[in-house]
Amino acid sequence: MDLAYTEEEEAFRDGLREWLARALPTLPAPPSPHDWPGRRAYDTAWQRALYDAGYGGVHWEATPTQRLIFLEETEEAGAPYVGANFVGLLHAGPTIAAEGTPEQRARWLPPILRGDEVWCQGFSEPDAGSDLASLRTRAWRDGDHYVVRGSKIWTSHAEVADWCELLVRTDPDAPKHRGLTWLALPMAAPGVTVRPLRTLAGSTEFAEVFLDEVRVPVDHRVGAEDDGWRVTLVTLSYERGTAFAGEVVACRRVLGDLAREARADGRWDDPVLRRRLGRLSAEFGALWRLAQWNASEAQHTGGVPGPGASVFKLRYSHARQELYDAAADVLGDDALDLGRTWTRERLSSLSYTIAAGTSQIQRTIVAERLLGLPKGR
Amino acid sequence: MDLAYTEEEEAFRDGLREWLARALPTLPAPPSPHDWPGRRAYDTAWQRALYDAGYGGVHWEATPTQRLIFLEETEEAGAPYVGANFVGLLHAGPTIAAEGTPEQRARWLPPILRGDEVWCQGFSEPDAGSDLASLRTRAWRDGDHYVVRGSKIWTSHAEVADWCELLVRTDPDAPKHRGLTWLALPMAAPGVTVRPLRTLAGSTEFAEVFLDEVRVPVDHRVGAEDDGWRVTLVTLSYERGTAFAGEVVACRRVLGDLAREARADGRWDDPVLRRRLGRLSAEFGALWRLAQWNASEAQHTGGVPGPGASVFKLRYSHARQELYDAAADVLGDDALDLGRTWTRERLSSLSYTIAAGTSQIQRTIVAERLLGLPKGR
Amino acid sequence: MDFQLSADQRALRDGFREILRARFGRDALRAAVDAPGLDRELWRALGKAGFFALCVPEARGGLGQGAAEAVLVFEEAGRALLPGPLVATFLAAGDVEGAATGETVVTAVSGTLVPWLAEADVVRGDVTAAEPLRSVDPLTPLHRVPGRREDGPDVSLLLAAEQLGSACASRDAAVRYAGEREQFGQPIGAFQAVKHLCAELLVRTEPARAAVYAAAVTGDPREAVAAKLLADDAAVRNARDCLQVYGGMGFTWEADVHLHLKRAWVRARLGTTAARAEEELAAAL
Amino acid sequence: MDFQLSADQRALRDGFREILRARFGRDALRAAVDAPGLDRELWRALGKAGFFALCVPEARGGLGQGAAEAVLVFEEAGRALLPGPLVATFLAAGDVEGAATGETVVTAVSGTLVPWLAEADVVRGDVTAAEPLRSVDPLTPLHRVPGRREDGPDVSLLLAAEQLGSACASRDAAVRYAGEREQFGQPIGAFQAVKHLCAELLVRTEPARAAVYAAAVTGDPREAVAAKLLADDAAVRNARDCLQVYGGMGFTWEADVHLHLKRAWVRARLGTTAARAEEELAAAL
């Protein structure tokens, strides 16, 4: 057991840190959260800058430890988030890399890495959330095309995406985990309609995507027809892996900021608040160590996030909600003010126990797959 | 909505209070918890005193409000608990009263009310806990007797009981809720063996009862053969009704004692502890009001505890555990000392979320019966 | 002792629930979310229905009812998410001209917050230095003032009643959704995890209800504060658990879940807040 | 960075687990519960196996291992519920004659408590006014002293490792029982309510494990205190949830559940307690 980084890893960190110190001051002002084209331009420009500096493929090609260092350093330096590049870099990209043909990889991967093309995800449907495999969006063959009809929901960045990784049902008679197919849908195709979906935070992070007889060339299929479920599972666990490690770093910074604010306004005299923040400090410290543990484990198992990812996701999502509940205690009446960042973050933290698998689903996964408990009748 | 007691109720309270003031000073010293015959003698003598004073049947014959007053006043006055008379007064007795023949009522009820005979309960089995109806203790007819073979567990006061209300399987081929029969078993019958069961608190509150071809006269059957499940359900909800109301009064007194001790030893300066006790004060205050609400409701519905009893039981059992966790905070290192009553009470509080239906079972009951949610497949 | 609703009380509650259903149903609620601002017409309708005059003595033109009746109608207001400075106007109905009829809208400083300041005709407390904040609750505009004004237990009791109603609404919504929404081939309410969440929603409302009603009946200020503590908790946690039952749908603006959560957060900061309530109750031990 | 057990560390842990299984299996544990008192033979066997000398420098006859190795063996000790003043003797092995070999039993005042005072040969701290209490843990006799003696982070770290092992033991016991015990025609572990309880048992151990191991590797005293905070919580809550999974059987003296709970309570009061740990961590924010 060692928490010291190798010379190579330290060199990677130093190089990244130096580059960030040079690159970040040249960044333009961040766009308004409601300016979608602006956000796309900002996020993709940042990805291009990363690419040019040799960090474009860090989520794919680097070792898990390098990836952790990348997340830690970019977060510490206040670098932009992955933003509009999320699905391309962390989901569709890895899927295509693992399951695509050489032509598909050549067509789609470089534009993702260079920040030229943005992807979004078309998996969930209004009636297929936790039970993703019950999705109903249909696709059938018509010559060298699939014709797709249905709708998708919770699609981030749909307004500005070039491509959508789409999961459709090609064999309605097969059992629900079979008969699904993974397609790359061009968002510009006729019949695609995007309707922004407003969240309780008032933002429109998500959209619904309606597909009305949209034609997708057959060579846009990744993996075999009816084999989409397996193709999807290959990368689904990425979301639960070290993806949150950067956020843990951010949460630790927020904790420090909360303590500073509480000290400044006298609330620090309240031991109830102090002890709550002290406990959260232990909590996020442990989550960071767990992220390092998981990264080291992945390094041993060849880059695949271990099953511990569900454990991490469960604990982290609840810890994050507790953090922002504690923030509300620090804010006092200001917790009702949307002008305060922490109030807005508190609202978005509400999705953490739901998105990417509810806590209930995660607990079932942990119990059945990690602990080997039997499935119910 | 009214929390004022009627003149009649106040008269009942005054009479009880006066009698308690006279009766309690004449009580002998309480027996050691390990002295079973002594406990039986003490508990039954107290029941006899209640009977002579006209309070013997308060759990049966009084109105729900009178019963609440009885529980409140006896608890406040520090009167003995129902103790060894529990099953007779609150379970077997009401069952015989509701379902027994005139002869059975005449035979068994007066001795219960006078404290002459003690009953225990033989329902649970090692393999039939939450799933009580799956019990396997068998009984078959042999002339005018049943012959019983099997074993029971969690039987309080078995060492000193005269009778056991016994649930046995008379038809092994019927579905599990059918084919059960309710018998009154004389504990002195040949073939009955009692083995004390030590709890984690170190006490032997419970026993296992082994039944080796024990003969029980057929006229000791209450209700029809194979109808024992229904007979049992008639009174099972009594346990979850206002039975805990006296304990809520006791918990409020403990809270006051905790505050006194914390004030005396300086721990009261800790706002974390103070606020915790303050919240528990609200909690037990509400539970007392809920007990009054449930009693008033029962008064309207003719004495039957409403389905709110499961809600009360769930909330109370968790509140009681929180109370004794808070007590451990007040005690500090003394929380490790079994010489302190609160340490021992903390240990016994651990059974509250398990006994008389685990919290998991109670939540399912609440969700399905009160909220109408569907049963799972 | 008869700690159950009387026939009159049931009739009052049902009648007011009916009025709210007719005058402030789901469409009106969502319209109010989209176009904030106090609906004076609704306010006058409430006045006409006797909402504000409920506890004004009959000799002075009111309905002469007591605190028990007040918590029943405030529970319904909380259930319906009725917006506006209800508590302040209600408590002013006896002495501010027009408050009882709904003509005059009254608000008050509560702690350091003032709800609905811009829309109010009469303000209790010093608001000379009031500054607006961007309220988290789309249905409750808020200002802050530098000085503190402590509320009496009557304010906490009525807020607690609203929280109770909101907690019940979240419970009912969760149970309804759990019975309808299907995943993995059955209603999600058939899964124990969801079932037990729903059970806890009820386990939170019932003690809070007993506490609120009892505080109204006894008039004990400490019981009012305790009732608010439990009702705040029930309203906030029920809304959050309801959101969890709703899943992604609960995270949308279109679902009402967030409206209950946000209003519960606001009410928790008005009247006696948790820390003060706990200290007050501890001091009395 | 390679934050995983090395082959040597795995061998050390497995070897020690094997020794404990052979020398202090379930029968020995229950025998110790029935006949309290320190088993000197077992103590010498531990000494012979290198338990106490693990971190004594090789130059002085020890095994020269570090804190990482220490937490691994203490985790196993916690898992097996190994009794005795392990931490004090371990930390004294470098300078108290005979401690390293298990000949000399060393205890120490921790806060205001002294475990195993009557059985110890050497005592650190002032025990002149020590008074016995009736220990809740049948496997840990306790005395109290009037003065306080604060422990260093090394004590907290080793206690945290024991708590971690105990938390894992409770988790494993709960999972095993849930898979075997049948009610309503299926293993209770097939019911979501039980399944999710078991999942939380794992969710508590894994961050605690990462915290304990990391604190050992970095030697940061604040991490040691944080690790104790999380491990205390995991050990106590896992034992309680395990008891809930066991149902009535968990409430019996014969089940080991209560031994884990009681020992976890004792360890939580030794070393840095929760309130102090939280304050210390807050102060560093």
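The chains carry the letters A, B, C and D, assigned in the order they are written, with residues numbered from 1 in each.
What we mean here is this: contacts are C-beta pairs under 8 Å (C-beta built on N, C-alpha and C of every residue); 3 or more make two chains touch, one makes a residue touch a chain.
Computed from a predicted model, the values in this text were never measured in an experiment.
Under the contact definition stated at the top, the chains bordering both chain A and chain B are C, D.
Chain pairs A-C and B-C differ in how many C-beta pairs they share in contact, with the greater number at B-C.
Chain centres were defined as the mean of their Cα atoms; on that basis the chain farthest from chain A turns out to be B. Chain centres here are Cα means. That of chain B falls 37 Å from that of chain D. Mean C-alpha position of chain B lies 38 Å from that of chain C. Between the CA-based centres of chain C and chain D the separation comes to 49 Å, rounded to the whole angstrom. Each of the following residues of chain D touches two or more other chains: 185, 191-194, 196, 275. Each of the following residues of chain B touches two or more other chains: 270-272, 275, 360, 363-364, 376-377. Under the stated contact rule, the graph of chain-to-chain touches is complete, every pair of chains being in contact.
Residues of chain C that touch chain D in their complex: 191-193, 196. Chain A makes touch with chain C in their complex at residues 124, 126-131, 134, 153-154, 197-200, 202, 270, 272, 328, 332-339, 343, 347, 350-351, 353-355, 358-360, 363-364.
Residues 1-6, 9, 68, 175, 178-179, 185-187, 189-192, 194-196, 198-200, 202-203, 206-211, 213-214, 216-218, 223, 226-227, 229-230, 275, 277-285 of chain D are the ones that touch chain A when the two sit in their complex.
Within the complex formed with chain B, the chain A residues making contact are 270-272, 275, 376-377. Residue ranges on chain D touching chain B, taken from their complex, read 111-113, 133-137, 142, 144, 182-185, 188, 191, 193-194, 240, 243-244, 247-255, 257-258, 261, 265-266, 269, 275.
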